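Look for chain A in each of the two complexes below; its partner is chain B in the first and chain C in the second.
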Partner chain A sequence: MNHAIISCLLANLPAAEAVLNDIDRQGIDTITCLGDLVGYGPQPNEVVELIRKRGIATCQGCWDEDIIDGLNACECSYPSQLAERRGHLAHQWTDDQLTDENKSFLASLPTSLRRDRLLFVHGSPNSQHEYLLPNMDAFAALERVETAGADILFCGHTHQPYVRELRDGSIRVRLQNADHDCDQGEELTLPMRKIVNAGSVGEPRHGSTNATYVIHNDATDEVEIKEVAYDVGRTCQAIVEAGLPKVFAWRLSHGFEFAEQAEDASHVCER
Partner chain B sequence: MIERWALVSGLRGDLETYDLIQRDLKKTRGVTALFVLGDLVGPERNCDALLDRLKNPHRGDLKPDCIYGWWEEQLLAERGFRGERKADALRLSQGEDAVSALLNTVNPSHLKWLASLQFGFIELDCALIHGSSSDVGDNLTSETSPLILLDRLTRLNVNRLFTARSTKQFHLELTGGGINSQVKDLNGKREQQQEVPKRSVIGIGAGLNYTLYDVGSDKTHFLTAGRQTKTKGMGFI
Partner chain C sequence: MRSHQGKCGYLRLDGYPSNGLEQASDSGIDKAFLKDQFPELIDLSDSHHASRSQQGDLLTLIELPQFQAPQHAGLTGMDPRVKNQLEALQLHPDRHLHFGRDPELPNKDTLEFKKLESFSLSLNASVWDPPSLNTLWFELVNGAYGDVYRAKALMNLPDGRSMFFNWIVSQESSQFLPLEEISAPNGRPASLSELIVQGKHLDGLRIQSTIDLCLLNDAVLEMHQMPLRDRQKEAIPST
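On to the complex of A and B.
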C-alpha cells in the first residue's frame, strides 16, 4: 500500500493545499507529516488548521518546538547574526499570530511516530534540530537508524528530498582489555537500512520552487520523490504583506538558500 | 623523548587513592600530563580534601587537568548550576538518599570551581571525555556496538576517544571494514563507498585502576595504583 510523507510546510498554505490535492488525486489516504507546520511563512493558523481538519498524523518539528518552548532551543544553529535576527523576527511574528488552540495542538505533537519498522521524525531520532544530509558520514547515518530500532527512517528538516540506502556494511575490531593477555578480533556485519527525506512542502531548497514530498510503498519499500508546482507568487505576496523579511519571499521564489545554510549542519544544540 | 599521559577517573573523593597514583607517577618515566576525567566527587565520603589537593597540588605532584564527570553533573544540577535541570538521573537510579548524600560530601565553596571545569579536552587527535561526545553519562564499554563507538568518534572527528564512565579498562581498535551507500534524489542516483577509519576507543578505568598512554607509540598501559609491576598493558613501563 502506498502512503505519503510530507514535511516542513512552514505556514505556506498554497503549497500545502497543492500537495494534499496531488496526494488525493492518487487515491492515497494514509499521510504522515514530519512537522514544521509553522515558521517563515505567512499562514501559520491556516496550515495548522488544515492538518488538524484532515486528521493527518504529525510529529513535532523544530519550529513547532520552538514556538512552544521558546527560542532557547537552538538559535545557535543559525549561520550568521543576520540570519538569527530574521529567524527571531519570524518566530515572534508566528508566536503573535498563532491562536492558543493551535499552539496547544503543536504542543501535543509527539517527537516521533512509529509504524512497525518505519520511524518518522522531523530531524533525526536524536533531535528535531539535527540535519541528516544526504552526504553525511554513512556510518553515522546508519547509527541514527539502527539505534532507533528502525528499518527505514523518514525525516525532513533539510528541505532536500532524497532516498539513501546504506548496505554491505561491516566493522572489524580488535580488543585489548585489562582482563585478557591476548587481543581479540572480530567483525560486525551491519544491517541494510534506509533514510528517506521528504524534502519540504513549504520552503523547498533543492533548486526548484516546486513543493516536494515522497510516496512509500510498504510492500515493496520503493520510494518515489514527488514535485508539485503551486502558486509561489501568492505565498511571496502574502509574506511581503505580512511584514515578514522579504528575503523569505526571495528564497521561496528561487527554491534555494544561499546565505542561510548552517556551517555545521550536524550541530545539535545542547541547551 | 618519551611523552606519556596519565589518565585517571572515578576518585570520588578518595584522596588516598589519588596519593597512591601520584606516587606511582613519580616513579614512572616520561609522564608529562595528568588528566582527571571526572567523577572527582561521589556520595561515599567527604570530598573536600581531594578537591583541595586537585586545586592546590602538593610540591612534586604532577599538576592535574580536570574535567567534570557524571557525579559532578548531578551535583551541579542539584545545586542549580544547570538551569532548570536537577539531579534527575541520580534520583531515578539511586533514590533521594543518594542525592542528599552527594550534597553533603562537597562543601559549597568548591562548586564554582567544579562548575568551571570543561566537558572534555581535545589533545592532538584525541578526545578526553568522561562519557562521550554524546553525553557525560554515555556508558561506552568494549561490549558497545562498534557502530555507536564509531559515531562517537565521528562526532568529534578524532582518532582516539578516552572515556571513563564505564569504569572499565579496555582498548578497542576499529581495524577495517566499510559501507556502501546509494543516494537517489531529483538529480539521479549516486553511489558512495566509505571505509572504516582506523580509530580507537579507550576505557581508562576508575579509582585505583588508571591508564598510561604513550603519545609517540600510541600504546596504552592499564595499571593499578600501588601495583605498577603487575601491568597487563601493551609495551613496557
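On to the complex of A and C.
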C-alpha cells in the first residue's frame, strides 16, 4: 500500500494545500508528517489547523519544539550571524501569532512515530535538530538507523529530498590478546538499511521552488520523490502583508531557504 | 600599471552633469584599492604631488565618469572641459581610452543606462561576520534589494583583512580581491570601508537594515580577535 510522507511545511499554506491535493488525487489516505509545521512562513495557525483538521499523524519538528521550549541554539542551527538574527526574528513573530490552542497541539506532538519497521522523525532519532545530510558519513548514518531499530528511517529537516541505501557494508573486528599471544578476528556483515528524506513542502532547497514529498510502498519498499508546483507568489504576498522581512519572499521565490542552514555533514548536534 | 617600470600616479575627475543627470559621488574605493596594490602610487589630486606629474617616467591613470561614449576616438574625442582641467595640472594625456570602444579595456564593463540610482554607505570601522557578508553580497547582486547593475565595496573582516568586492551585471561573477595591507586583530581597523551600489529601484533602507544584522559588535569582534592575538604571541619565539 502506498503512503505519503510530508515534512517541513513552515507555515506555507499554499504549498501545504497543493501537496495534500496532489496526495488526495492519487487516492492515498495514509499520510505522515515529519514536523516543522511553523517557522519563517506567514500562515502558522492556518497550517497547524489544516494538519489538525485532516488528522494527519505528525511528529514534532525543531521549529515546533523551539516555539514551545524556546530557542537553544547549537552551531548547526545558524551558519551566520545574519541567519541567526533572521531566525530569531521569525521565531518571535511566529510565537506572537500562534494561538494557545495551536501551541498546545505542537507541544503534544511526539518526537518520533513508528509503524512496524518504519521510523518517522524530523531530524534524526537523536534529535529534531540533527541534520542527516545526504553525504553524511555512512557508518554514522547506519548507526542512526540501526540503533533506532528501524529498517527504513524517514526524516526531513535538511529540505533536500533523497533516498540513501546503506548496504554491502561490513565491520572487521580484531581483538589482540597480549596474555595469550593470539589474535581473534570477526567480520560482521551490516544489514541493509534505508534513509528517506522527504525534502520540504514549505521551503524547498533542491534547486526549484516546487514543494517536495515522498510516497513509499510498504509492500515493495519502492520510494518515489514527488515535486508539486504551487502558487509561490501567493505565499510571497502573504509574507509581505504579514510584515515579515521582504527578503524571505525574495529567497522563497528563487528557491533559496529563508535563512541558510549549516551544511557540515560531519557535525553532530549538541543540543 | 603592474608592468610599468617607473612611478605610477592616479587622478580621479568628477565628471560633469548632463541633461539634468548628476554624477554619483566618488566613494574613494578605487584610490584606496590602488594605493594598497601600489604603495608608491602618487595621488595627483593632492596639490603637493601635482608638480610630480611632469616626471618623465610617470604612468598616470586618470578616471573620468561619463554618461555616454565620446563622439570621436582618441584624444580628439576628449571633452574640452576635461582637457582644461588636465592642463591646469600640467597633465598632457597621450591616450584616451573608453570602455566599450577601445579594445585595451574590457568591453563588458560598459553599461548603457541613461540613469542609475546610486546608494552609498560609509562602513568605516565596521567589521563583518564573514558568512553574513557572503549572504548579503549574494542577495545584493542577485536582486533582493532592487536591480543592481554595479556594486563595489571595501569590507573589513575580523582577522584584520580587507576585501575589495566588485560586481558588474554583465559579468558572470563577482571579483573578490584581498588587500595587501592587513590590520592587527586588535579592535576596529582604521582603513577605508565603503559600499557603493548602482541600479534601479534600489531599497537603501533594506540594504542598510540587512547590513546592520551582519556587522559585529565589540564583544563578538573581541571573541574573533582574541584567539588570533594569542596565536600571534605563540608564533613569536621567546629570546
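What we mean here is this: the second predicted complex is superposed on the first by the 249 of 271 C-alpha atoms of A that agree within 3 Å, B and C clash if a C-alpha of one lies under 4 Å from a C-alpha of the other, contacts with A are read in each partner's own complex, and residues count from 1 in each chain.
One rule holds for everything that comes next: contacts are C-beta pairs under 8 Å (C-beta built on N, C-alpha and C of every residue); 3 or more make two chains touch, one makes a residue touch a chain.
Just so you know, these numbers come straight off a predicted model, no measurement behind them.
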| item | value |
| --- | --- |
| Room on chain A for both chain B and chain C (clash or fit) | fit |
| Contacts of A:His254 with chain B and chain C, given as first, second, both or neither | second |
| Which superposed partner A:Thr147 touches (first chain B, second chain C, both, neither) | first |
| Chain B versus chain C as contact partner of A:Ala83, first or second or both or neither | second |
| A:Arg164 touches, of chain B and chain C: first, second, both or neither? | first |
| Contacts of A:Lys246 with chain B and chain C, given as first, second, both or neither | second |
| Superposition-derived angle with apex at the Cα centre of chain A and sides reaching chain B and chain C, degrees in steps of 10 | 90 |
| Larger contact residue set on chain A - chain B or chain C | B |
| Smallest separation in angstrom, by C-alpha atoms, between chain B and chain C in the superposition | 18 |
| Touching both chain C and chain B, counted on chain A across the two superposed complexes | none |
| Residues on chain C engaged by chain A in the complex (per definition of touch) | 129, 131-132, 134-136, 139, 142-145, 203, 206, 210, 213-214, 216, 220 |
| Contact set on chain B toward chain A in their complex | 142, 145-148, 150-151, 154-155, 168-186, 192, 194, 196, 203, 205, 209, 220, 222, 232-234 |
| Complex interface listing, chain A residues touching chain C | 79-83, 85-86, 246-247, 250-251, 254, 260 |
| Chain B-touching residues of chain A, taken from the complex the two chains share | 134-135, 137-143, 146-147, 160-179, 181, 185, 187-188, 190, 206, 208, 212, 223, 225, 227, 266 |
